[in-house]
Amino acid sequence: MKLKNKKLDLKEFFKEREEVLCGWKTGNDSELDLETTVEYLKSVPSYKNFAFVLNKAKKHGETLIQPRAGVPELGEHIKLLQFLEKAGADFLPSTIDSYTRQNRYTEAEKGLDESMDKHRALLNGFPAVNHGVKSCKQVLEAINVPIEARHGTPDARLLSEIIHAAGWTSNEGGGISYNIPYAKSIPLEVSIRNWQYCDRLVGYYEEQGIKINREPFGPLTGTLVPPAISNTVMIIEALLAAEQGVKNITVGYGMGGNLIQDVAAVNSLHSQTKEYLKRFGYENMEISTVFHQWMGGFPADEAEAMALISYSSTVAALSKATKLITKSPHESMGIPTMEANGLGVKASKFIVRMLQDQRITRSEDLNEEMDLIKREVNCLMEAVLKVGEGDLAVGTVRAFEQGLLDIPFAPSQYNAGKIFPARDNDGRIRILEFGNLAMDQDIKDFHYNKIKERADSENRKISFQMTVDDVYSVSKGKLIGRPGK
Amino acid sequence: MKLKNKKLDLKEFFKEREEVLCGWKTGNDSELDLETTVEYLKSVPSYKNFAFVLNKAKKHGETLIQPRAGVPELGEHIKLLQFLEKAGADFLPSTIDSYTRQNRYTEAEKGLDESMDKHRALLNGFPAVNHGVKSCKQVLEAINVPIEARHGTPDARLLSEIIHAAGWTSNEGGGISYNIPYAKSIPLEVSIRNWQYCDRLVGYYEEQGIKINREPFGPLTGTLVPPAISNTVMIIEALLAAEQGVKNITVGYGMGGNLIQDVAAVNSLHSQTKEYLKRFGYENMEISTVFHQWMGGFPADEAEAMALISYSSTVAALSKATKLITKSPHESMGIPTMEANGLGVKASKFIVRMLQDQRITRSEDLNEEMDLIKREVNCLMEAVLKVGEGDLAVGTVRAFEQGLLDIPFAPSQYNAGKIFPARDNDGRIRILEFGNLAMDQDIKDFHYNKIKERADSENRKISFQMTVDDVYSVSKGKLIGRPGK
Amino acid sequence: MKTIVIGVIGADVHAVGNKIIDYTLVNSGYNVINIGVLSSQEDFINAAIETDADLIMVSSLYGHGEIDCRGMREKCIESGLEDILLYVGGNIVVGKQDFNETLKRFKEMGFDRVYPPGTSIDLALNDIKEDLGE
Amino acid sequence: MKTIVIGVIGADVHAVGNKIIDYTLVNSGYNVINIGVLSSQEDFINAAIETDADLIMVSSLYGHGEIDCRGMREKCIESGLEDILLYVGGNIVVGKQDFNETLKRFKEMGFDRVYPPGTSIDLALNDIKEDLGE
């Protein structure tokens, strides 16, 4: 396979499509005929169209709420989504189970059957491929807001076909963000190529006058990811999607925990994504942002979890993200009950409404943090473009190969895994060990000095132990994993 | 009675004391002999001394947690406080019932007896006077953190005697803040004089080498109080207390709802209190601040209430207040159960710890808001001092008489009740109707323009309806009470 | 024009709701006699007699409502106000209690309408209209 | 030096805990064989045979633990690992379930120790010491 950042030829796309639809029996469904899907998608009312609702929110400076949710059985899944809509969700998800994410449809079928038999969920999500288009349409028709598929699937081609055919107008993921944190041994060129297909499908619909939203997954491993790294991945995936004809993109960010750094990250993510899209000649792009509530280990205490959810919402609202993805007070335990999930939605919605008319005005500190992130992102982007000899897709593969781009704590063997993050004395995420990460020396020095300052104030040497302490700290109720007491 | 801002003569104080102790039978208690009280107070360990623990927290830049709590029956009250200590409270309160607050000890006795009979609280707090010194000591001895009496009592002389004798090392209140929002027909000169007694008692103990904290009640009516008004009351009460020999003072502020205005208010409250104390020659004063979580009407939904509690804590932490007084998810319903109260403590504690190392750096906006508050406070203070012909206590009485100082929504007939607040377009509390409030014209113009801006954007005329809408708004999940949707 | 006496009973000083009720009822076309906070049963009754009122709306926010309201219906009757309507609302008991129990207790005390926490005055306007027949 | 095989079973990719467990066990003086995420029962068993391990610590975070762990004890026995210790921990079932039930189910499957959510590796170090007799 020769990977290239170039819009897939429509004929080739159609040929590939035939193979894709053979991946599981539900691919044979006549409702997957493109004429039928186009017609159905055109019939989806605008208040159920993700792109449309996002654009409206952005215009009004609102932050809208979306929970995570998915259970195996259809009726239960619908009940769950209806409950969350009532709790105040502006968008609904369907979180897909982990077997489907690995294209293990047989195991998903087994889990689904057993869940139905035992009246107890044995899958961690909704197996949309096994359910097929008809059932997915039933989900859409049972609710009154747009639906997005949320998963973590390196090869989501069949899944994407099915969900869009069912009128779900947003798809989360991307060739990097749904591989490196979600797989061990799938080469990047494979997942990027697969996501070109998913994006091309959206591009195809766009050509038919149908707006579909795409959302690269910003949080990556959810664990101490320095903003510049996730922002770079977001920008790359936005560019790759745009090339395939995607027009409506929501770039994502997972909360780091320091208010100023988080606000700086979301602001620069938005402006740099637009900048790079423009630089590469993509016109008429609609860019919005999504903020993920704390993505690392949660505290076990439910009141504390509610506090963390509320704090995350405060940061999201102050960063003026267009969408906020919520957690529940059960987060550290397991998939939440419907009720617990609803509590997260209600608390989050309350906060974004309380903060609707408030903003954080630019301080010197905020400006400096934004400048830093932008400079870092530029370093990484230049490195990617350079090793790709002009091709972004190739550059991405090579940059990961060489560790020029590197994501902390990722399971993939195609990720160098050499960098280690740690917090500085203000709780901002810095980089303790850069590995081969393509950053200028003065930036490295800045990070080192910041971490040194913290280490000194804690009376210890800089070491991986700091990273370990920081991985645990929030779940223990502190932002910074300081030793002792 | 001739009111004067002058330290009470010790002999007169002792004479008055004899009368005070005759107010209710528990005043006869031998444990109220000053020798005994001094000895007992000296035996209170430093970790149970309010002033000591506050000073330590301030030094470390920490924000400590204190719930509100009080039930009539002794055993139940102790159980409640022990539970809250375990939930993470750094300070404990004993909220006093409303009959005691009005010195209606007979009714309190009835309520207490009936509560014990029916095993159901019929009083809204702990009737400390009826319980007497011995029982209050039992409370202190059952827990491991300092205790404060929290009430709302225009004449708290007997109550103060009893609680301090029992080793409770902080007393909330003040001649203005525990009259205007808490009474209808008690003249200000009476309540100020009574609180001079309470302060003199603390001053007496201070002379014996015993540190006791005093905390003027910042939130006043808890309802859209413009920061400059509550800050002015705090400064006046700090000055009045200092004159009686109080050294350790915590000035308070009730959250308004706009982050920047709230941070500005706490910062300027701290610096202006110190400034005025210095200006009037009070040396070696220890000044800390207390932030009250949202004091107006709460949302009925418990998840929303938890969100509001968490948001309040975020603002408190960012404002670097030394103490944070919490609410519970039952707030809109009634006195919380022990468990609900604990949830508020846990969420609040989680947030202040998450934000411990974070600060909001000064932006132009924050600086301007601080300057505004300071200028407003100076206007009010100058007016008070002027009409008092140099005497602060007299000035306060006259300023309220003439409406130069005026507190919105207060029940007291000694308050003009002419001013009406409303939020501006950012949700900051401004003044819509100034009545006779002693503010410079340019400040009035600024407020008018801010409110006009909002009214215009809402397509309506400036009117009291805006105030009414803003009274309800937070309980309905919005900061600003905008019409329509 | 119908006349309504409003006020806050007992040692209760919660003044905000009282001011809002005043404003709302006046806006709705009633003659409002507001006796304010810290009012005794006698204060309510005297005001009602003096103004020949149709309805007494008792507010109690602070939790002592149960103690404060006992015997009020009897006192009304003694004072010749046999038919006067009695409403009570706010946060009328201590804590979050089962409202059905509370309702029963206050109905037995002779209140015509009893409102749970969170019932704003706007939500009661219909009842008032109905009961005063306008 | 005792040898411990660690890894994350099934289609589970939660890598953070796995890396931390590796770090912690090495720091505590064990020989750690880390087969990483997305590991099958066979992967665990093969690694244990190859390294003559004393203990297999299965992590399952994503909720499918119950399906993924079934039959593992039997497979160990078939492969000649009659006495090997089997631990499982993480978030081993879907959702917040009664842990006693979960414990029973996994004990019946032949796991020697079964940990509830929120048990960090540090809290298990004592058990390991005890079971491995050091």
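The letters A, B, C and D name the chains in turn, as written, and every chain counts its residues from 1.
The working rule: a residue touches a chain if its C-beta (ideal position, glycine included) is under 8 Å from a C-beta of that chain, and two chains touch if they have at least 3 such contacts.
Remember, it's a predicted structure, so these values are computed and weren't measured experimentally.
> Need the CA-centroid distance for the pair chain A / chain B, whole Å please.
About 45 Å separates the centre of chain A from that of chain B.
> Taking each chain's centre as the mean of its CA atoms, how far is chain B from chain D in angstrom?
Each chain reduced to its C-alpha mean, chain B and chain D end up 55 Å apart.
> For chain B and chain C, what's the span in angstrom between their mean Cα positions?
Taking the mean C-alpha position of each chain, the two centres sit 29 Å apart.
> For the protein chains shown, what form does their contact graph take: line, ring, star, complete or other?
Topology of the interface graph: linear, an open chain of contacts.
> By the touch definition up top, name every chain pair that qualifies.
Pairs of chains that touch one another: A-B, A-D, B-C.
> Taking the complex as given, what residues does chain A use to touch chain D?
Listed in rising order, the residues of chain A that touch chain D are 98-99, 101-102, 104, 107, 110-111, 114, 120-124, 152, 181-185, 221, 223, 296-297, 300, 330, 332-337, 340, 409-411, 464, 468, 471-472.
> Would you pull the chain B residues touching chain A in the complex into a rising list?
It comes out as residues 257-260, 299, 301, 303-304, 306-311, 313-314, 318, 342-344, 346-351, 353-366, 425-427, 474, 477-480.
> What does chain C use to touch chain B in their complex?
10-13, 15-16, 19-20, 23-24, 36-38, 62-64, 66-67, 91, 93-97, 117-118, 120
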